[in-house]
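Taking it in order: structure first as structure tokens, then the write-up.
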Amino acid sequence: MTPLPAGRLRRAVQAEWTKLRTVPSLPWLLAAAVGLTVLGSAGSLASVDTSQCPTPSECFEDTTKLSLSGVWLGQAAVVVLGVLAMGSEYGTGTIGPTLAATPSRRLVLLAKAVAVTAVALVAGVVGVLGSLAAGRAILPGNGFTSANGYEPLSLADGPTLRAAGGTVLYLVLVGLLSLGVATAVRGTAGAITGVLALLYAFPIVAQLVSDPRWQHRLERYGPMEAGLSVQHTMRLDELSIAPWPGLGVLATYAGFALVSGLTLFLLRDA
Amino acid sequence: MRRDGFGRLVLAEWTKLRTVPRWMTVLAGLVGVTALFALIDTSDQGGDVSEGESLQDADFTDDFHFVHQPLTGDGNIVARVVSQENSHEWAKAGLIVKERLEPGAPYAAVLVTPEHGVRMQWDFGEDVAGSENGEAPRWLRLTRSGDVVTGYESADGTDWQEVGEVDLEDLPSTVEVGLFVASPLAVEIERQYGNNSLSEIPTPGEAMFDNVRVALDRGSPAPGDGEWNDYDTSVEPDLGGSTESDGVFTVRGSGDIAENVRPFDDDLVERSLTGAGVGMLAVVALGALFITAEFKRGMIRTTFAACPGRGRVLAAKAIVLGGAAFSAGLAAAVASFLVSMRTLRTAERAPGTPELSLANPTVLRALVGTAVLFALVAVFSLAVATIVRHTAVAIPLVILPLLIPSIESGGLPLSVANWLVRLTPAAGLAVQQTITRYDTAIAPLVGLGVMAAYAAVALGVATLLLRRRDA
Amino acid sequence: MDATIEVRGVRKRYGRTTAVDDLSFTVRAGQVTGFVGPNGAGKSTTLRVILGLDAPDEGTALVGGRPYRTLRTPLLHVGALLDANAVHPGRRARDHLLWMAQSNGLPSGRIDEVLELVGLTSAARRRAGGLSLGMLQRLGIAGAVLGDAPMLLFDEPVNGLDPDGIRWIRGFLRSMAAEGRAVLVSSHLMSELEDTADHLVVIGRGRLIADTSVRDLVASASKDQIQVRTPGRSEAMTLLANAGATVTAGDRETLTVSGLPAERVVALLGERGLPVLEVTQHRASLEEAYMELTRDALEYEAVALEES
């Protein structure tokens, strides 16, 4: 019996995509990623208005960043997604059938990464668009009007486009980071706790360090802070780390997690 | 199940917990990890105690404007506060007896405030409330009799109610009495460039007095010449002053006569416990796993077959888990504190802040409170995991409300951030606070109570669902 | 590819326990090879090593002359069922087979074929969490035959099947072998392999105990044993025991005698005047043979209950 002619990667990705989409939790996770992002953005937007500033035109508010801020909440759903992509195989024991069907572990991890990237991309694009729409709707009502020097948010604006695209990339990287950690740790609970701690607790711990030099370093190299640097559209020269290098930092974390995960995956028994 | 069966159930659950090596390792490990975090905190000597505050600050402030004259022997002073500017909810306008014109000198005062009624205050922190709706216009009277000063208030100048009585001890014969106005510094938050900047700004206190009379008791030595003088220690000179015309005094002053509250100080104890807050996350995972591990392979049916009382099973789990988390949390908190002690002791602290040692009840409350918080978080996690049945969902549901309000993200305004803290399980972290700061959202034990409420409600719902659903 | 599974000198340790110790055997095409041993003997470990899930500390396992992990479309060469519970409970049965088919480029029509083969067509759209043990087992078998592979591995396939199912699976395994495939079936119950297996690989405590055909194994276990039927049983027992034989009583008037050739037994009884109603060569059941073989290798021996 001959198999249908198709590349190995394509087959593996197809299988992984089927696995991801045939699990009841996927639509919920997608909805949570998008919903939390938009909700978080709307919340931030609603609570800031020009009356809190010395004068409305002296706010110098980065409305794009404010509008995209909800991703810091929505990323939790993407973490769960990325972890489950590998973690649930260990939890249910399907890692056996998976490796029996595709013995090349490199291929398995790569295919999972592709599937997670695709889902995170969708969640990211929808979430970002929703957040920007919320920004367009809420900002003028809070005093951020063109009269005060705030143009309505628009993707035609270069920096805004970069911030939006970068935010989508951010989510993808968070998903891949989670996949890597789950592969290394071979479980769901530990991986989710670990990644959430890395993302959210890093800044808390960074505040502990009283030496301002070290604190600055930690701010530059924390995965969430560095990654979200891409959302800034103003005063870029005053940031702890520039937008794209910031994403690069997050990508390094994700890469490290994936490489460690792959190494352990290759060396250990299933 | 017989009543003593519950004890056996608890023992069974404890055995379940302690015989999973991984879980015990996590509990032990988190103690080490939090101590490690505390080490980071102390790894440099650049520990900065407070931002830009002069370390010669005493533990009181004595800034106000005083329109005064000397009083020798026993007597009293009466005045009506006609109006008071609402420059601050705790702006003060009233009568004061001060031992001498020097910062820190003993005093007793009766006063009105815009939003806290009539008060009698003394000794830079003692405070007694008069009538709640007492605001200007209001009559006030202070009588001095030997060492005892008594404050009165009245709506009409005829019917007087006592507000408070103070024994000032060794009061000299001649003291200064008169009108005073003060208005505390306000913490102003301004948003710019997406950041909230905080500053303490002076507020301009102002009040008008009339019907001012100083009277002596019979038999007292002759009074002074009855001339009023100004004494001003307002925080900004041009915010203090007085004018008088036709017996109506308009007095302006800025500052406060109270204990020195520094809202931007670092809460050193709370900082030393930050690592424990992170270690708490491991407890979240454990709490969830303790129940979902049973759901996974249908082990829960074995458990329920052994004990059909599902509520009891959950209660036993909660007790065992809570106890283990409490112990781990206490060890972690004490370890963190002790590790930080080295730097805490040598750090320059403004005088007046409490001595940082295990003997200090405030410190003890923070440490034990952290342990209790660990237990509550663990039980909360257990309950949530029982409700949603999946670790992947339960863990973020518990961790997010715990962590998120602690981070200033999205640059939320302070008021919003504080409400987030008050309403979410993050309130529990307040138990670690030992000083009051500008961003103190909720009192320590109240915060712990909020967390306890979350845990209790979740446990209740979980028990209900556990009984109703199929295993 | 030549459909042979070869295990050569495999040793595997988990921590301080040696699960498999210098194990070597071959599974050939055209027959059902039973892989038997007491619980904990190392059967599952060996299967996992064959499938490349666990790496052996020493030795190799080859399928069709190659290590499993080098195969690009392994399901077309080796079909396996290790654990029927290894399915995601939230996933539909059909989708579980779908991703497997896709991973190896198998057409989706094949899924319906195998579902019909195992009798799960009506349950295809149900979630795996709602399937009974027997149905999960059949789903696992469907997955194993999805690729129409010439080599098949089954770990305890009879678990959870009802008598009909057991009968079906026996026939199924035999027909697979008859088609020229190499079939390896592991079990700890000898009785279920009795009429199914042609060849046996017996292991105990990780070591090979026997690698032989079923017929030879039974024969060697039966070798010395004679069954005698005689009315004067107790007398006969004493007589034969005194002559050096090991005698056990069977039911009614039967005795099982070992240690003496049949002629001697008849002669002794005849001398005494005890009538011999029947003499037969005792054919050990596979179970008995197996018990005797593995008696020393029992990892976990249950204690016989005291008979009151």
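Note that the chains are named A, B and C in the order they appear, and that numbering of residues resets to 1 at the start of each chain.
By our rule, a contact is a pair of C-beta atoms (placed from the backbone, for glycine too) under 8 Å apart; a residue touches a chain by one contact, two chains touch by 3 or more.
Every value quoted in this text rests on a predicted model; they were computed, and no experiment measured them.
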Identifier of the chain whose CA centre is least distant from the whole-structure CA centre: A
Chain of greatest Cα-centre distance to chain B: C
Inter-chain pair with the most contacting C-beta pairs: A-B
Rounded Å distance, chain A centre to chain C centre (Cα mean): 51
Whole-Å gap separating chain B and chain C, where each centre is the average of the chain's CA atoms: 72
CA centroid of chain A to CA centroid of chain B, Å: 37
Per-residue multi-chain contacts in chain A, two or more chains: 25, 88
Residue list for chain B, restricted to those that touch at least two other chains: none
Parts of chain A lying in touch with chain C, wherever the complex brings them together: 1, 3-6, 8, 11-12, 14-16, 18-19, 22-25, 88, 92-97, 99-104, 269-270
Parts of chain C lying in touch with chain A, wherever the complex brings them together: 48, 51-55, 68-76, 78, 80, 82-83, 85-92, 95, 98-100, 102-107, 127, 143, 147-148
Interface residues, chain B side, partner chain A - complex: 37, 40-41, 43-44, 46-48, 189-194, 271, 274-275, 277-278, 281-282, 284-285, 288-289, 292, 296, 390-393, 395-396, 399-400, 403-404, 406-407, 409-413, 416
Interface residues, chain A side, partner chain B - complex: 25, 40, 43-44, 47-48, 52-54, 58-62, 65-66, 69-70, 72-73, 76-77, 79-80, 83-84, 87-88, 91, 188-190, 192-193, 196-197, 200-201, 203-205, 207-212, 214, 234-235
